[in-house]
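There are two complexes below, and they share chain A, which is joined by chain B in the first and by chain C in the second.
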Partner chain A sequence: MNVLVVDDSKLARMAVIKLFRALHPDWSHVQAANGDEAIAALNEKKVDLVVLDFNMPGRDGLDLAAEFRKIRPTMPIAVISANYQREVVDRARVVGATFLPKPVTEQALKEFLATAVQRRQDFDP
Partner chain B sequence: MTESPHAALDELELDALTELVNLGVGHAASNLRDMIGQQVFLSVPSVALIARQRAIDLLQTREPRKLVAVHQMFEGDINGRALLIFPETRSLELVRAVTSSDLPLEDIIELEQEALAEIGNIILNGCLSTIANLLLRTLRISLPEIIRGYSHDMFNLETPPEGGDVVLFVYINFVVRGRDVQGYIALLMDLPSVTALKQLLDDFIQRTAGDGNLANEARNRTG
Partner chain C sequence: MNEFLEYFLVEARELVERATSDLLMLERAPSDRERLDGVFRAFHTLKGGASIVDFGPMSRAMHAAEEVLSATRASDQLVTPTLISDCLTCLDQVDQWLDAVQDSGDLPGDAEAAADRVIVRFTADPKSADDTQGKPIATASAVRAILPAAIAVLQEQLSLLVTGGDGAEGRMASAGRLAANVLRHIARLDDAKQIERAFLQSRTSGDFTLLSAAIERVVEKMRAPVPVEAVAANAPRAASTSRTLRVDTERVNELVNVTGELIVAKNAVGHIAKLAMEANNTLAAVIKDEHARFDHLIETLQRVVRGLRVLPMHVVFQRFSRQVREMSESHGKPVRLVTEGDKTEADKAIVEMLFEPLLHVVRNAIDHGVEPAEQRAAAGKPSLATLYLKAWREGERVVVEVEDDGGGIDVAKIRQAVAERCLVSREVLSAMSNAEVLDLIFLPGFSTALEITELSGRGVGMDAVRTAIERLRGRVLVETRLGKGTTVRFVLPFSVMMTPVITVEAGGQMFGIPLDAVIETVRIPREQIYSVGGAHAFVLHNQTIPLIELGRTFGWGADHASFDATVVVASSGGQLGGLQVDRLGAHMEVMLKPTEGLLSGMPGIAGTTLLGDGSVLLVLNLEDVLQ
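Up next, the complex of A and B:
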């Protein structure tokens, strides 16, 4: 699996990648610091799953998730944020993304990945 | 901006501090949303080590009007001040948002001081507690105090801690649409606290990024 991690904070990207390494050491990672880099990565590289921050300069993570959804309708997407207001969580649901509270825990990521892998198998058996 | 203070925190440390503030304010905004029943929109935080006068000028440029602020001091391994700042004309609307739209104006005015202190306490405590917890430190946070005045009154307070004319200025804008509520959160720390903060941030980076090599690689890439 190839994971795209999108966050304007380098440290936040490193934190997510650390969790992925603990859970799935064989998976590879692509990083993007903003929406443009993320869209370019999605178009140019094989990406199976995306984890993206909500609060970023320019396009926020949910706008970006909606764009991703148009390009890749079945790709699992997680939006992470410390801002767990109902409207933010609801918007994540509307664009078909999973909301994960930040800082992301290994358990929360594990549960998201279990669903994501299952979903991928359902669409691509 | 000044030269030497920038050397106090490197790029990854500033990134870590911005992320800490992001987490703290995200939690605080969620608390505020529960109080007012409407979404609170947040800007991406900006973090800078700047001269105190520059902080005053930045706020003055954005808000030349009279301001009201909830002020709380924090003490521990790091010392500083947190301010929740609004244009004075908007403060009554915020009080109305957390109380009841039906209350007559005289009741709103009577409640203003108490309500602002409580709102500030919840937001600033939420923000500072999240940051302290993530740094694995305890911060003693003072009771909220209301300040009225202009930008220079917000950042030139007579109370300690004072320690030089350079401050760590963390700035974030929040808006409640449809309520005409808008404000800013600012954290001010003096240089001795920035030095202590540097070590705490390094520890946080090591814990968060995993191994030292990963953090060092990131530092090398960012120069």
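Up next, the complex of A and C:
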């Protein structure tokens, strides 16, 4: 599995990757600091799963998630935000992304992965 | 130590810097939504970072600020000066925390209380905050008159707090707010803040006695007789909380020196990493990683140290009130000086070098720009001329402007004068735009041309002004409107590039060696220096290093051959060498000037700099020297 982590804060990216390492030491990771880098990574590399930050300069995480959806309709996407806002949660649901509160905990990530992998199996048996 | 701490520090410093610059821009343009977005995002990311590294108090403080910023962002309201100053205060606090984290790896022990103080700024009832800002606070005599009533109100709140049961939380909230408002009303701002803090603590802990104890303390204080002056003096102090700390220049210089030492230590680690790599030592990779980390941290340190050495423009501007008054009197032209942006800060080196060029421009403005009173009257202008000195920050640049409302520069007359003096050929001149012609006032020799033609224009010594500003890596721009006035603008970098050097003495001459290249300084016993062909070398850490006698290289006498050699080991362009010197001097940061005149093009010299005692320090170009 290859995970794409998108956040303009390197610290935040490192924190997420650390959790992934703890859960799945064998997975690889790609990082992107903004929307353009993320789209480029998605087009150039084999990406199986995306975790992106809601609050970024330029396109926000949900706009980006919607774009990812167009490119990869079945790929699991998680949008993380430090602020639990009903609107963000709802919009995440509309684009088929999972909302995760920031800072992301191991438990939250585990649950997301469980449902995400489940969904992937539903789509490509 | 938390593994993310290093990145947290780097990122947080950057965010604080970015948010500060955005806030300062917002101060000038409160409707700039993009800046507001930037500030919001910076606070948001700071909050996220703080919670990743488990700094709860910082995360709470950032959250409070973020909430208010978010509300402002969602509304159409302009950003208020109060919000800007609260945010800046909050960032100051963050900066202090970051310093503590850098030192100790953790927030200081009083972080919770400090966070509460920040939070109060953002959560205090906005209406009561406005009261203290806008309306004059009750006069001292009025305060004395209503003091008993205020005490009665506070005691009432106390009695409400002792009864527990249903709705206790709501009662506590209203008691806390009311008590704080009453205290604000009678100008006891510090007391009001204490109540607010106690209120927050009570609310989070559920322990109402914290609030009642705080109210009791205040009531007790109010019962004691208060001198009238103390009440009046309290108000302004509380309104403008100090955001700065005075530090002795000497201490900053010490910091600069230690930073220099660190650079040498870092270079030594880099060298060891290389040796380990060549020796296939198993630790090589680890040392290399550590070196990279070290390198990164020192770069940050250098930036932080640079940020310490700032001065407000006020330092230069204040010198002009007397200058302008005197010039105005001696020319018989009434001129008033208006300064704006006195508090704008820039690198000390820049602020201190601004006086001369500014004086040139101001003198020109009064000499040639401002018309005699009768001429002004004929043109329908007020007889009192106005000269503006302005400064402001634009991102990484500082702009300083001299603006007059005089006669402006007649570009046609410049064309004529330039043509007559043949400074530029007629064909070239006729093809030039007005702006390009105006730029000719910076030509060396232009001022003389004007003086000869007795043209009352501008340009006395403008070439010197441009040279001075360009030496600081700045630019000079001129705008003029005939009959309306002229503006001369200096666009300067916020900080100058300083090169850290170690000074050495060799052959009776002082040299500066850039610290970036220095690996270590050692004493080599004479008998360990041996000859290789016509040259000398020594062995250090199992490596043969060629010895370069610095004094002899530059032909300034011979070195003493009978003593142990003092050697600066340096590396540049892949070459390693030991520079033999007579004496080691101090670490210092210098602003390099390209060599001029006799020294220009001299191999081995990167540039010169003036020392405090007026002597010239030659800074070596090690790549040349080690070849």
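Just a few scattered comments:
Just so it is clear, the second predicted complex is superposed on the first by the 125 of 125 C-alpha atoms of A that agree within 3 Å, B and C clash if a C-alpha of one lies under 4 Å from a C-alpha of the other, contacts with A are read in each partner's own complex, and residues count from 1 in each chain.
Keep this in mind: a residue touches a chain if its C-beta (ideal position, glycine included) is under 8 Å from a C-beta of that chain, and two chains touch if they have at least 3 such contacts.
All of these numbers come straight from a predicted model, not from anything done at the bench.
Looking at the shared chain after the overlay, A:Ala12 reaches both chain B and chain C.
Counted by residues of chain A touched, the larger count belongs to B, out of chain B and chain C. When the two structures are aligned on the shared chain, A:Lys102 is found in touch with chain B and with chain C.
Once the two complexes are overlaid on the shared chain, A:Glu87 sits against chain B while remaining clear of chain C. Contacts of A:Asn34 after superposition on the shared chain: neither chain B nor chain C is touched. Residues 8-12, 14-15, 55-57, 82-83, 102-103 of chain A lie in contact with chain B in one complex and with chain C in the other. In the complex of the two chains, the chain A residues touching chain B come out as 8-12, 14-15, 18, 21, 55-57, 81-88, 102-103.
Those residues of chain B whose C-beta lies close enough to touch chain A in the complex are 12, 15-16, 18-19, 22-27, 29-30, 33, 39-40, 42, 44, 130, 134, 205, 208-210, 214-215, 218, 222.
Interface residues of chain A, counted against chain C in their complex, comprise 8-12, 14-15, 55-57, 82-83, 102-103.
Chain contact summary for the complex, chain C toward chain A: residues 4, 7-8, 11, 37-38, 41, 44-45, 47-49, 51-53, 66, 70.
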